[in-house]
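Have a look at this one before I ask anything.
Read from first to last, the chains carry the letters A, B, C, D and E; within each, the first residue is number 1.
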């Protein structure tokens, strides 16, 4: 039941997002400028607008769109003339190929780094990590991306500069994507772990004569991971957003670039669906987090 | 009655460091615990009772403070200087501790069963199944109804009293020689408190373990103690047999405490006013040189401010006050509190 | 491996009080704060004074002396940090860029904080339907990646710095709203709020006088982190071509311009990067410190 | 599904038990506070905790009435409902003859001045971000807005010194004070509007033994000097029996006994009160003895036992106790119990 | 048997998602479609050394003859097959144009270009007849343009418009294999190509949007050729040691003034602005000296009959400009130069430079970057000037001049339009010469805009590959234009 109400609310959220995007795009943009070269005369543009159904008043357009949605038709791209669902389904796996390993990597690095820093609170490692996290968060993704290309690809000739293909193609974009969020995760794990370390149950666990590993991993991490988990849902959103930029840098044919293109060219149907997909993904990620939270934290379960 | 010494604490000194201040939480504390006896450590909040307990087990987090000096002799070994590995074989096994707040001390994400079994598996090398069986037996033992089901409950699913009993079950599962109980009944209702006290007493009689019982409640002390240590501002200010403390308190602080208690059968008629100990507990980060009770002491004299009083022992009854003789004489026998 | 929370080290021999009484170093040393504070202060000062102190006009071009290296790499004194692809003075542009970026970040954070705090406060205080609606809006916004929101919004509404500021501020407010709302709800259970109700304080008064000040700490921390994120967001927008546009310059747009020159003239990118890092690190440090000093408990 | 049985069977007593010493200041009649529980599933019936379940009593002016009972027995909820901090589900609260339950929150405003509360935890009852003077001055600026800044300062200083805090410390934040001092500040805040009635919810439970007596004395002083009426809630029987004129014993949302303090101390009638008193640790080691130990756990307030709520732990309970819900009945002067066996 | 021909990978800006030649007319599409499709009439760039002009030669049509002023008949080359094996017939040709000319279709841009065509008739299997609405001097040019690339009727109808865009089938040298939009498109050699067997086995276009990454990929050998190298990176590419830079002149970049704007309505102001621009400086500084200054709105490739080499290049005379400005009604009103953030190489840089030059003569100018700049209408108060570029192919003034300038920002265009319409329907060469020169005169006088330079496009090519670009964004990998030396 919890899920039904959650799902309803999510659906409502998505509808709201869709509506806002719908009106915002249509009130401010005209895709025909992007559909034809600048050299085309104005009459052609008007003809094209009519063809795309953009000359009707916006309420009519909205109703038409809503009606199509009810039929499960999300429209087609102005540019490729293909159903947007199809376009996205082609791209989403690519984005997942990038974001999922990046997410795993980021969590792994973040977890280990944060844990170690917390355990060695105020050590050199801890201080460097804290500084590094702030610095990492400060350097834009694309700078990291291009810099890694120049270093590993141009100078060292170790890795390809972009595109998909072999496993080597994954390394740079995944690392680029992971770096930004792993700094965040590490910082968070550190903070949470420090808090947990100060808890009575940690001392109590030690007073039972348990080994340090058991104390830290079983009693500490299991508690520290909980707040981290909540943030991880949000991190996923950040990752998706980061993917938009990273995909552009590494010529990665993912959904992020599709959406950027859609924004830039006012490809309405594509943009609407894109934002829908991203939002749904993030909402879903947060839902997963909630479920995981429930599984990991018995205190939540009964509520 | 011949008793042998189980634990001996010598000149223990523990400081906390926070926000650039040094909190002298435990200052030169010495005492010993005999096998099978009950020693009560009394003192108001912040007087360093818990700090003493944690120092004994070497559980002061490095990030917060240090055991600065002292020895904790247990079976000829100094618990503060033995290896970590050796320490772990003693903690939870030969010396167990019950924490002040069971709600905070039990790990919220592990079941009670897990938390009991964990100790058994660590110290007694039981199989998982055996540990679980023993865990259930322990829960039964401490009087938790429906123990089998409760094994799989999480701490938050238990009532306060049950949580405290679960802690006791954990502490007793390896049959320790010494149990340090840090205010185990403070957070509990009167009826549950009496259940727990009864339980501890019973278990102690069964297993012959020694009990270091920390509390701020003198009536609890009256109920269970053999020997009493009164702590004030990080120091032991009075030590003696329970009868000595209750019948013939020497330290003005102890006297004040005893007098300040509302009696169930007192205070009818004219004045219901209690005789309060004036003032507030001291700040352990800013102690003056002299007697730390001086600001609240109605018998304070000028020389109390100059040097700290030493612990004076007469007939196994020690007191840290320079003027105790005069004070006791002047007051005569304290009126019996009934 | 020995682990921090574990035991204090075994004591070796007798202790010398002097050694022991000195508290061990804890937390960020104040030096970091002072440095951070002076960096940020200096940045703000430079930014404010930029029009007066820049050696060149930021759009003053010298097409014949383009892409000159900085002075330490063989450039001339006239352009201490070299020139860009139109022969404009990088140093001057850097100062102005810092000015724009600081403005966007400060104003963006300000809008976010004000809007978010108000929203969270209203939502948490009123509860019921108002809460449901506001939370739904906040959820909706949290569900769309900020970069995308900003990208879409900027693409649609234009790239004027003020528009940017508004968009950035409002694409960020939901986080404050969430935190504040959570804090408000948590505070409802605290007895000093009950005490205020008991003395007849109106819900509004409780919200403003009793609840609001208690939400400062988390908001300040978040704001200092957001500060960094906003700087990064702004430059990502520049990268995607919708950030601050000429003749305005921001650190992000400098980076965006410089990205095609990373191979031949990398310093064009390095300078703004360094400034961004300095600003954000300083902001984070100061945020940390502000939080500590806003808390009356830690005041002595 | 027997969740509602006790509801049906509890007769509306109507008559308010015992008026002790003249015209009551506060009359509580069949007060019920059922707090809704957040439901796991909407398919289940809406459940609620019967935190206070049909309580009637009254308080005379200048009286100190103690309320004792185990944790969760509804003491705090009772206190909060008297001040309309939580809305009663049914029943009436008459303060100086006005039915508070019928008032809108606007109309309640003028009564707020006359009724105040002191909370259990002195650490969370003071806003950490306000100075002590601000805390104490806050009710003044609500109810005495006409005061000049000057006059307000004077009043704040007065209040602080009344509770034994140096007015010079007014600019400090609460964290700079010890627990006992904080509790005194909280009392000063409660006194700021010169109330007639104060609910003191466990005001000494969180305090050190050595400081408890100070607060108790302060409250006694105030009662004497200002003819303050106090509802003193505590689980510490000793303190309650010491300070109170009459004691109300609660168990699982119900009153099981109301007795004058001496009777409560010396000859409690209800088996629960007996057990409570017996559970008290002895005051002196020489008095160690065997005791009546209550078995079992307090039942859930969501689904309380039928009939007498205490029967599950009562040593003298019989089958009848499960069927009959005992009413409060008078057994002596000002002494009422709810038990069919005694 | 084993294919010993090397594969070739090309790094391009972007690989889009639709390759229907009627739609894929963007600069980024042409390099790809050009290698999959053919037109009836082909262009042969090899005759001109710098490949900025071409001759029209038989393509899919073996020969053609003028039937009357409005009709032309084309004989198709026999034995041409589409990639899917179907032979090319007149039905395909008819279908190709009919699909575009259908007023309900999406081919708005293509239809605008081909609007002169009235009818296509299939005379027999290998003969088609094209009837125009009026005599058209540029019909062959139009038929050689990308919009006129021939698609297979049967296949197109079976997969539909969007299906065709995804899996195009043509007659060209390379056969579509796989498309991964925004990543790459794979083509393989069409060994039965009617102009001969291609010299490369596979042709891959990889999307690499970042310049640095594109250069890196070239340096690494991940790709063999890249396009769109900014002039500032030429040295970086050359210094790699493994690559050469090839360049070719493309179209003109110009500035267009909004003469509807009350400020810009003053011709003296416009002339002053024109004179204030130091074009040579732009060319030297921003284009590495590789751009050229045009002789007004003319392309040499128009041929000697239409091109007048004696027209001067636009002069730079700041003093005269100041003078004119003083004489004009201009009173310091703001003048906005609107440009797209990335559309043109150096677009923003030039804008900033030009604005700087305008400021130097005392004009209150500033740059407005707006990625919706193509949509700005004449009544937009901000728009006073914007940059744009003209058409270099089809190489005829009818296209270059009329398509560029009879647009809506030039208020007094009536006479210009009349001339243009006449020029479009006049077959007489001398008359056309006069018409277009007249139009250029008009343009120069009225100054609705000004030409800046003819911009080059730079390609990086790994050594060992002999390949030349054309004056158009097409990249020609037909057998005669790509060879390997080793």
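Here is the rule we use: a residue touches a chain if its C-beta (ideal position, glycine included) is under 8 Å from a C-beta of that chain, and two chains touch if they have at least 3 such contacts.
Here the structure is a predicted model, which means the values were calculated and not measured.
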Smallest number of contact steps required from subunit B to reach subunit E | 2
Please identify which chain has its centre, taken as the mean of its CA atoms, farthest from the centre of subunit B.
-> E
Taking each chain's centre as its mean C-alpha position, how far apart are subunit A and subunit C in Å?
-> 21
Give, as an integer number of Å, the spacing between the C-alpha centres of subunit D and subunit C.
-> 49
Quick one: report the Å distance separating subunit A from subunit B, using the average Cα coordinate of each chain.
-> 53
What is the distance, in whole Å, between the centres of subunit B and subunit D, each centre taken as the mean of its C-alpha atoms?
-> 31
Find every residue in subunit B that makes contact with two or more other chains and list them.
-> 59, 61, 63, 84, 87
By residue number and range, which residues of subunit C touch two or more other chains?
-> 2, 4-6, 26, 155, 241, 259, 262-263
Would you pick out the residues of subunit E that each touch at least 2 other chains?
-> 210, 212, 215-216, 371
Residue numbers on subunit E that touch subunit C, as the complex places them | 210-212, 215-216, 230, 232-233, 235-236, 281-282, 284-286, 341-342, 348-349, 351-353, 355-356, 366-371
Footprint of subunit D on subunit C - complex, ascending | 190-192, 194-201, 205, 209-210, 213-214, 216, 295-297, 299
Within their complex, subunit C touches subunit A through residues 1-6, 25-27, 136-137, 139-140, 142-148, 151-153, 155-157, 225, 228-229, 231-232, 235-236, 239-241, 252, 255, 259, 262-263, 269, 273, 276-277, 279-281, 284-285
Flag every residue of subunit B that touches subunit A in the complex, lowest number first.
-> 54, 57, 59, 61, 63, 84, 87-93, 96-97, 99-101, 104-111, 118-119, 122-123, 154, 156-157, 170
The answer for subunit A against subunit C in the complex is residues 9, 12-14, 16-17, 20-21, 24-25, 27-29, 118-122, 131, 134-135, 137-143, 146-147, 150, 154, 197, 202-203, 206, 212, 215-216, 234, 237-238, 240-242, 244-245, 248, 259-260, 263-264, 271, 275, 278-279, 282-283, 286
